[in-house]
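Structure record follows, encoded as structure tokens.
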Amino acid sequence: MPSNKPYKNIPGTTVFDADMASIGFHLNQFCMSLMKAPNRERFKQDQQAYLDEWPMTEEQKQAVIARDYNHMMSLGGNIYFLAKIFSSDGISFQDAASTMTGMTLPEYAQMMLDGGRTPQGNMYEGDK
Amino acid sequence: MPSNKPYKNIPGTTVFDADMASIGFHLNQFCMSLMKAPNRERFKQDQQAYLDEWPMTEEQKQAVIARDYNHMMSLGGNIYFLAKIFSSDGISFQDAASTMTGMTLPEYAQMMLDGGRTPQGNMYEGDK
Amino acid sequence: MAKITAGVATSHVPAIGAAIDNGKTQEPYWQPLFKGYDYVKQWVKQQKPDVVILVYNDHASAFDLNFVPTFAIGCGAEFKPADEGWGPRPVPNVMGHPQLASHIAQSVIQDDFDLTVVNTIDVDHGLTVPLSLVFGQPEAWPCKVIPVAVNVVLYPAPSGRRCYNLGKAIRKAVESFDQDLNVQIWGTGGMSHQLQGPRAGLINKEFDNAFLDRIVDDAEGLSQMAHFDYLNQAGSEGIELVMWLIMRGALNDKVELKQRFYHVPASNTAVGHLVLENK
Amino acid sequence: MAKITAGVATSHVPAIGAAIDNGKTQEPYWQPLFKGYDYVKQWVKQQKPDVVILVYNDHASAFDLNFVPTFAIGCGAEFKPADEGWGPRPVPNVMGHPQLASHIAQSVIQDDFDLTVVNTIDVDHGLTVPLSLVFGQPEAWPCKVIPVAVNVVLYPAPSGRRCYNLGKAIRKAVESFDQDLNVQIWGTGGMSHQLQGPRAGLINKEFDNAFLDRIVDDAEGLSQMAHFDYLNQAGSEGIELVMWLIMRGALNDKVELKQRFYHVPASNTAVGHLVLENK
């Protein structure tokens, strides 16, 4: 591992690097499987059983079942892979993203209409 | 395509470039399929039927059935892919290579024991 | 000989594709965005490119974590739209240009760009949404497309500098191809956005507009920007903007700005769009 | 910190693996060849490397024509021997070093080497035969292995110069990894051989011995050799020798030659072998 990771200082942000990829490998590969319609069907029918086919941790599986995307990301989920889950649920990127912010969907949608989340106070300002 | 291919001047040699890869794509992918034991079995049982599952040209298929490796190479076969065919037949790289030279197996084997085919007269000596 | 005549930059937000596919482009939310693309739709009909080299990122559609190429070039004859969980986008298959793509691959590999050569991959919204934005909804795309996929999923993406130099190498390759082809190069993705975590929804207009300024007139300088600055200022997904530098590196130092458009929001993203012609 | 202490070069002919696996190493045909590896078998027991970065080429085992990475690094935890048509070689699985491999990947990508990051791939004779030559037939391989696969199948391979410079970038990456590891780097493949066409069986002792000389003392100069010269003089498959330059680039400018061995034939191939220690 690099001895320092300046990007860990960026607030409210998980950068998907090799360490995260390693932790989340099977979680992300599970997500990939949802790209095929028959798999989406089987997953919908019995989520725990489908998840049990993958060498994921129980914590990862529970996070999927709970659709707790922040938790999934802390356990190595990459957003583009996790997107297969919310696509399967029929919800959009905007809807899924709003669940990670602690805002309601209407609040989040309004924030975006108003120009998005401001960078002011949301960036790392110190030395790298 | 590059406007010149100096390597075409090298005697007795086909360099596997993008043009060859394009011509031989399905032939090579057929060869890849032989890496799986069940496929080797099916191929052995009915070679024409197995080949007909691939969008190869009839000329490519006939070259495979004839085990004419030089011809396969002229039709875009790459030696490492073609190797799956002779591995399936249970013959070695040395045996397969000898068939491409017009020498008998004992002659080829002796040539190798004697130090290999000489470069003298077997290289391109001109300007590139 | 083949020639790169122009470049296009555009965001490739999946919601834009959904809006087009579902007939929502004239709804109040979408109408101002699509208006910004009226110009390029007319412009491209006059330009009549033979081939578009389309730089984009795959979003875990063709590539999973088993294979993460830094740069991949699609040398196949045909590419299907990917099923990203909703079924494939209802758009025509993308027809490639195997000869030019292979020529580019061979040229840039020998210029020390370590490409992965791919044959056929499914192409996701990153590639098909730009095609829809520029060409509308035709029965068939009116030109050949060479997909150039860049890794921005697994940190680190290639640097801006690396991308800019790859653009130069691609230009050199195109100019040594001995067919008279009118070639465009498109850089897609961005602009500032963050799709994940508590900071989801980040939009940085200052950063984006400075980027739109500098990529025209100070691309060399812009190419020095570090990963950290993209991630910190433009959002975790803002790193995609390095791909615009591949497009810019393939154009002349001096270009004519034919269109500049910026709009917030499209879903979670700031939409940016440029049309640049070689002088 | 981790440190590259030594390099090994060796051919990786599949017939050598078959000879080991079938107990034929003491037959008259094989005995002189295996004698040349007695030294390295003892040497490596004293060296006790923790990790071997093993540079090799995949022979259409893990990669088909759908994905041809110029350089691929295996970051997975475990790699199985490939079934190359005879069933997998009866050798232990290869255990990787995900942390160091990922660290190397991240470092060299940021040094503008456009690697493809792979997780787990089956490893063919190109990787397992060198392990057998050096370590014999243990129950488990005695160290971790990081596979670095180089495209030599689809022309053009990366240049010798590119390979040499990748070696330098790998060395820099290893030296910034903050665990005390004794790391070796092996370059495999070659030497002169041609497996195909009327010229099959080509062996060029002059070329090979000059290569063995120059890679020790004049690697920089050797790295300038053009593809054409490898193909023309050392056979279509002789292009593999560029991979030795990755090994050499990762070592000090000045190295100590501990072993040099050359033997013809092993099947269609001239076998070359070096052991180099950093001074």
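When the chains are written out, they are named A, B, C and D in that same order, and each has its own residue count from 1.
The rule is short, and it goes like this: a contact is a pair of C-beta atoms (placed from the backbone, for glycine too) under 8 Å apart; a residue touches a chain by one contact, two chains touch by 3 or more.
Model, not experiment: these values are computed from the prediction.
Asker: Decide which interface, B-C or B-D, involves more C-beta pairs in contact, and give its chain pair.
Answerer: B-D
Asker: Which whole number of Å gives the spacing of the CA centres of chain B and chain D?
Answerer: Centres of chain B and chain D (C-alpha means) sit 24 Å apart.
Asker: With centres defined as the mean C-alpha position, give me the chain A-chain D separation in Å.
Answerer: From the centre of chain A to the centre of chain D is 39 Å.
Asker: When the centre of a chain is set as the mean of its C-alpha atoms, what distance in Å lies between chain A and chain B?
Answerer: 47
Asker: Name the residues of chain D that each touch 2 or more other chains.
Answerer: 65-66, 106, 117, 119, 154-156
Asker: If I count partner chains per residue in chain B, which residues reach a count of at least 2?
Answerer: Residues 17-18, 21, 25 of chain B touch two or more partner chains.
Asker: Would you identify the shape of the chain contact graph, picking one of line, ring, star, complete or other?
Answerer: It is other, because the touches fit no line, ring, star or complete pattern.
Asker: Could you please write down every pair of chains that are in touch?
Answerer: A-C, A-D, B-C, B-D, C-D
Asker: Which residues of chain A touch chain D in the complex?
Answerer: Those in contact with chain D are residues 1-3, 17-19, 21-22, 25.
Asker: What part of chain D is in contact with chain B in the complex they form?
Answerer: 14-15, 18, 29, 59-61, 64-66, 82-87, 153-156, 192, 194-207, 227-228, 231-233, 235-237, 264-265, 267-268, 270
Asker: Please output the residues of chain A touching chain C within their complex, sorted ascending.
Answerer: 6-7, 10-18, 21, 25, 28-29, 31-32, 34-37, 40, 69-70, 73, 78-81, 83-84, 86-88, 92-94, 96-98, 100-102, 108, 111-113, 115-119, 122-124, 128
Asker: Please give the residue numbers of chain C that touch chain D in the complex, ascending.
Answerer: Within the complex, chain C contacts chain D at residues 65-71, 106, 109-110, 112-121, 154-156, 158-159, 161-162, 165.
Asker: Report the residues of chain C in contact with chain B in the complex, numbered from low to high.
Answerer: 75, 98-99, 102-103, 105-107, 117, 119, 176-178
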